[in-house]
Amino acid sequence: MELLIQIIFVLISTLILGAAVMVVRTRNVIHSALWLIASFFGIGALYLLLEAEFLAIAQVLIYVGAISVLILFAIMLTHNVTSGEGHKFYQRWWLALLVSLMLFAVILVPTLVGQDWTITARPSEESAIAGAVEMGTAFMREYLLPFEIAAVLLLVALTGAIVIAYEERAQRRRILTLAQELALRKQQQQNHAEE
Amino acid sequence: MNIPIERGKVVTVARGQSTSVAGFSLSKGLGVVFRHWRRAWFEKQHQNVPATASESAPNAGNDKSKPTAFVTLEDMSKSYGTFTVEYPEQRIKLPEAYRNMPVLLYDDETGHELCTSCFQCQRICPPQVIHMTQAKDPASGKPVPSVAEFIIEYDACMSCGFCAEVCPFDAIKMDHEFELSTHDHPSLTVYKRDLNRPVSYYESIAPGFWAEARERAYKKLATNMKRRPGAIGIAPHLTEKITAAQAQAAQAAAAQAPAAKAPAKKAAAPRAADTAAAPTDKEAKLAAIRARNAAQKGGSAPAAGTAADAPLPTDKEAKLAAIRARNAAKKGGSTPAAETSAEESPPTDDKAARLAAIRARNAAKKGDATPSEESDQPAAETPPANDKAARLAAIRARNAAQKATEAAEQAADSATSTPEAPASSSEEGKPLDEKAARLAEIRARNAARKKGDQE
Amino acid sequence: MADVINHVLNTMLGLNAPEWLIIFISNSIAVTLIFAIAPLQMLFMTYFERRAIARMQDRLGPNRVGPKGIFQPVADGVKMFTKEDIVPTAADKMVHLLAPCVVAAPVMFMFAVIPWGPGMYAVDLDTGLLFFFAISSVSAVGLMMAGWASYNKFALLGAMRAVAQMVSYEVPALISIAVIVMLTNSMSIVSIIEAQSGLFISQVDVAGIPDLGLGWFIFSPVGLLGFICFFIAALAEGERTPFDIPEADSEIVAGYMTEYSGMKFALFFLAQYLLNFLLCAITVITFFGGWQGPGISWLWSMAVSEANPAGNPIFNVLAGILGTFYFLAKTYFFFFVMIWIRGAFPRLRVDQLMGFGWKFVIPLTIVNIFSASLWIGWIRWELNPDLAFLSALGEPYSFARWGFAFVATLVMNVAAYTLMTRINRSPDETIDELVADQVFGAVTLR
Amino acid sequence: MKAEGTMIKTEELQINIGPQHPSTHGVFRMLVTVDGETIVDLKPVFGYLHRNHEQIAEVNTYLQNMPYTDRLDYFNSMANNQAYAMAVEKLAEIEVPERAEYIRVIMVELTRILNHASALGFLINDMGAWQTPLAFGMREREKILDLFESTSGARLMCNYFRFGGVVRDLPPDFVPRLQSLLTGLPTFIDEFERMLRENEILRIRSEGIGVLPKEVAISYSVTGPVLRGSGIPYDIRKAEPYSIYDRFDFDVPIGTVGDVYDRFLVRIEEMRQSKRILEQALKQLPDAEGGHINPKARQNIRPPVGDAYTRIESPKGELGFYLVSDGGQTPYRYKVRAPSFINLTPLSDMCRGYKVADVVVILGSIDIVMGEVDR
């Protein structure tokens, strides 16, 4: 059984990494967005492999269902981003490679070195906070504060979006229907008559 | 903006704020649809009707393997129940007045076509799709009141029914056959052979209309048949049969009682399948029709049934006996058949000359005759729509020149027979002097009447 | 399913098959069953819809292909196979090909979670409901891909509208389902159905009356309002009238399906009809007790199950058949309601649809959550010395408490519903609002 | 024409609705410039169904034009026939006997019911209801077409009117079938109204949409249900009673706001009024034998030199025929005042400011037939 799990794990991780690379390589922005969705799916599959059912489903619901649709909307609505050209490799690509390797060294290497890689026995069932019930109670008990802060953050984002939408709507050019135009003109004549 | 309104008032449509809670009136709509759904399972809106003889007869046009049930909308107040008519199996019963494409009629017994190619329908047809040529007596070359070739372009005809209305001889009627779709387009230019329908067929699809027109049609057919020499005027597919029947009857009559002038009696053999051919003779044909009219009026129907494809008569002798009896009745009571002068006059070769002769006679007749009883329809000279009409116009122009010479000769012995001559229209070429005078006088009278109205 | 196979293999035939083989066999049987049944459901549904809507319009519907027109869907299928699959030259070939798959695949996933009868389910996820809606949101991505790849102005507009509609109606759908999860304390679909047995919602089993399996959630005001909101959201999700804006809108010809023909179009069609079937199924499962019905529990008590492994498998089959019958009957009734609504109502405009969703359905569902919490509080909370008034009602799950909770939530829900309908009848923009806009400088007179 | 400065640059989109489109009532194209969802400008393009009707009329004789008038507004061939027949009768001073006048009124009022039933069906169809109201409307239309078939011979191209009367008298079973139709009609109209009048979705889709104020309606010389929907009680059968309309009492329904909902309600009310007229006509129908046509009237006429303009209230508006005769057999000039064509002109003004989905609904509420628009 262990071997089977290993094989599946290798498969899924190649899917994720491959998709991630393709996200950067493809010229067409839409294609890169689709590859991104593929990698999200991969991560969902990994969660399932770890038998964290709720997390896997939440991952699919949130990342693939909502965020990727948002990204696609954004790409499609902006005008000429999707034309596809302008993805040329810069001449000095090696400089970019150097910088990314340096970053990798500074952040990741110390954590990887300090980690003890012995595989301990699989954690027993009850302590794993994976099921929906445990996660719900955890939110209400140990992790109440982060839960509330995330809620406030979302609320701020929501109201911000609404305000921007209203401002944009107010400034958008209003096209009057025939009836409104006549009524407005009559009203203006009355105002002139009163002055 | 108030406009005076009598006998009624201005009603402002009540828009009204929807009083009910949202969703309630939505459910009213659902209620209506559900009632239709529930009752559609059990009720039907079209009622079955027994098929008449002609409809159930298998139509040669297309094979209707399944027996066709006929439906119609008797009770129109029903609003529920399925409304579909499953077409090939179920058919809606066509009303009598239904008109699709025009067809020509020919009499069952004598096989004679009613059409005398008077060109009325050709002139009135709005899309100009009817084309015909008048038949000529091969011996004398004079035009005969019968049609040689009759073409209707079924693809351009809009079945408006004008030709059937205008025809003074009830020769062309609107058919009920609508399954005319076909692959080869040329077949839609229909020739006389395919246009012919027996009178009994038309009587079965439009009994009421035929009852009105029957009397008039047969009287005219009788006079026209008199003026058709030989086998001219018989529906093409019947010619051999009829001529065969007449020849065979003539031999029997000759063998039995050779009369002084030995007018060959024509046995009005009903359309037997393939009896031998015998020389026809005009008086015999006339006799047959008058006898049959008399017999039909008297109610003692002779052996020949009216159904088009009546079953074959049992045997020939019984028929012959019936005919001889009828001849005897004829000799006693028949009025001397006035020989109209038309046949003896020297046969001119082309059709137009004969036309001119007829018109000349009409002109003379119109001068003194009272206006004929059915509506006088001087067919207006429609400007040539296509090349055929152009050729006709040219011929008519030549006629104008010829008419002056023949007018005097024809006027002397104008026919005394009943005014059955086709009321062909006055010609638009160089008008005869008294005709122009008369026209001018009519216009004067109109103008006077109009001035009178204006005061 | 697994225990039945185990019983058949081990006890009946005596060969002690290893654990994983049994699970593998039962799962493979379940999967093949689903992949056989789903397309058949779709074929029957197209036929069922065309006959039903024909009868509503006083006509007969298809009755030429086969007896009573039974093989009409087969004929449509063959037609779809033989139709040429036209791909616009400027289209994005790969994405154009993938779009129907991305739309149809999640729909088949959702079948995994649907229980057809007692014990007859492919897999019993303890987050079944959430899985159902998570996977259904993936098809929105497929629509986006279809709209974009067809390189056609109408298709893009249609795709945008379709996705906007699906995303914005997922919110009320999930919240109204959350109410049911609150009532049953679990997201597993099987346990939701089992919670709807007995006579009354409060699981109070009156002595003497056998478990008739009629304890459906629809009989409580919370469930009723939840059902109304969920069904409206299901109509919008499945793009049925009055919300079928993207598909057959009069100005964008066929929405995102414009540039598709042949088998790809049929895949879209399949996905849409199966989504409708599944939405009806979930409505039935959450509010009308799935396969619950009189006689099920009696049969199931004698069948083979974890409770009594010594049962007789025949009863499994019987209970299964009766359960499937109940489940399919209810589901097809709701599909008939969808057809019925399609036959009677015109279509909403896009902005009205969004307004209706955000201003009418979502507030109602939030009110429903509040009344659900009241319901649970009144019925289930134990005696609490300082909450004196509760003790007056008697101990938890008692009939009195249940009656009180019923009345209170009923009043609250009805009040919310009428208030919402009253608020939403906002008149058109009045003249002074127009003038106010003019102050903004946005209104220019021609 | 955008206010400068803070405006957000939105790109205007040109959408082509038609000429081959599911809901444009025949071959008709609208070039719609859209800013986001709202319509900025609409340019109607038609002429796809032009058949040179008026030139053909000048080549044909007066009688030969009658079947061509069926093809003008191919929904109401009887109304077109009546208008043309009355124009020629006025020109050639032909009287029409009593019974013929009643038969004519019966036929035209039946056409009005048939036209409104199917026009409303198409309007609701454009709003998205899947053909159910249209199926009910078509059922009533089928019954009326059966009556036309039994009298004139054809369902759509009736060619039933002649100068001075009609081709043939009513068949014996016409009156009883018409009476049973009239008893069944209220159930249809009430059911139609019950299903749709209060329907929230229909109200949302049609209230305040495509508003045509009174003054604009008059200035565009719009006629028929569209004009009455805007609140002007102008019905030629009342304003200038022709033939025998002064013998029937019926009401003229008008709207208040002049939007799609008003025109919808006006048409439903007009169906009821037509039913009233039909009932009165059936009661007063004289049964003079052979009274269906003036015997002295000749069909191949040469009307005296002069001109005549007659107009009738066809189901779509004021249908007028202007004939000029030079004394010959064919009309010198033959002009048709088609109501659909005139009602179509304010389309651009009516649609400005509304959403793209409303254009189709507004067009449906005007109820045009392209045969009449293009001639």
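For reference, chains read A, B, C and D in written order, and residue numbers begin at 1 within each chain.
In this text, contacts are C-beta pairs under 8 Å (C-beta built on N, C-alpha and C of every residue); 3 or more make two chains touch, one makes a residue touch a chain.
The structure displayed is predicted, hence computed values, not measured ones.
Participant: Taking all protein C-alpha atoms shown, work out their mean, then name the chain whose own C-alpha mean is nearest to it.
Facilitator: Looking at where each chain's C-alpha mean falls, the closest to the middle is D.
Participant: Centre-to-centre on C-alpha atoms, which chain is most distant from chain A?
Facilitator: B
Participant: Does B-C or B-D have more contacting C-beta pairs?
Facilitator: Between the two chain pairs, B-D has more contacting C-beta pairs.
Participant: Taking each chain's centre as the mean position of its Cα atoms, how many Å separate chain B from chain C?
Facilitator: Computed from C-alpha means, the inter-chain centre distance equals 68 Å.
Participant: Suppose each chain is reduced to the average of its Cα coordinates; what separation in Å results between chain B and chain D?
Facilitator: Computed from C-alpha means, the inter-chain centre distance equals 36 Å.
Participant: Just the number, please: Cα centre separation of chain A and chain B in whole Å.
Facilitator: Roughly 84 Å, centre to centre.
Participant: If you average the CA atoms of chain A and of chain D, how many Å lie between those two points?
Facilitator: Here chain A and chain D have centroids separated by 57 Å.
Participant: Can you tell me which residues of chain C touch two or more of the remaining chains?
Facilitator: Residues 56-59, 343-345, 442, 444, 446 of chain C touch two or more partner chains.
Participant: Can you pull out the residues of chain A that are in contact with at least two other chains?
Facilitator: As it turns out, chain A has residues touching two or more other chains at 171-173, 176, 180.
Participant: For chain B, which residues are shared contacts with two or more other chains?
Facilitator: 22-23, 26, 29, 32-33, 36, 45, 83
Participant: What's the complete list of touching chain pairs for this entry?
Facilitator: A-C, A-D, B-C, B-D, C-D
Participant: In the complex formed with chain D, which residues of chain A make contact?
Facilitator: Of all residues in chain A, those touching chain D are 79, 168, 171-173, 175-180, 182.
Participant: For chain C, which residues count as touching chain B in their complex?
Facilitator: Residues 52, 55-60, 63, 340-341, 343-345, 417-418, 421, 424-425 of chain C touch chain B in their complex.
Participant: Which residues of chain D touch chain C in their complex?
Facilitator: 1, 3, 13, 15, 17, 21-23, 37, 124, 126-132, 135-136, 139, 195, 199, 201-202, 204-205, 208, 355-360
Participant: Which residues of chain C touch chain D in their complex?
Facilitator: Touching chain D: residues 53, 56-59, 153, 241-242, 244, 248-251, 253, 342-352, 428, 441-442, 444, 446 of chain C.
Participant: What part of chain D is in contact with chain B in the complex they form?
Facilitator: Touching chain B: residues 59-61, 63-68, 93, 132, 136, 139, 142-143, 146, 149-154, 157, 159, 167-168, 171, 177-178, 180-181, 183-184, 187-188, 191, 194-196, 198-201, 203, 207, 214, 218, 231-234, 238-239, 246, 248-257, 261-262, 265-266, 269, 298-300, 304, 329 of chain D.
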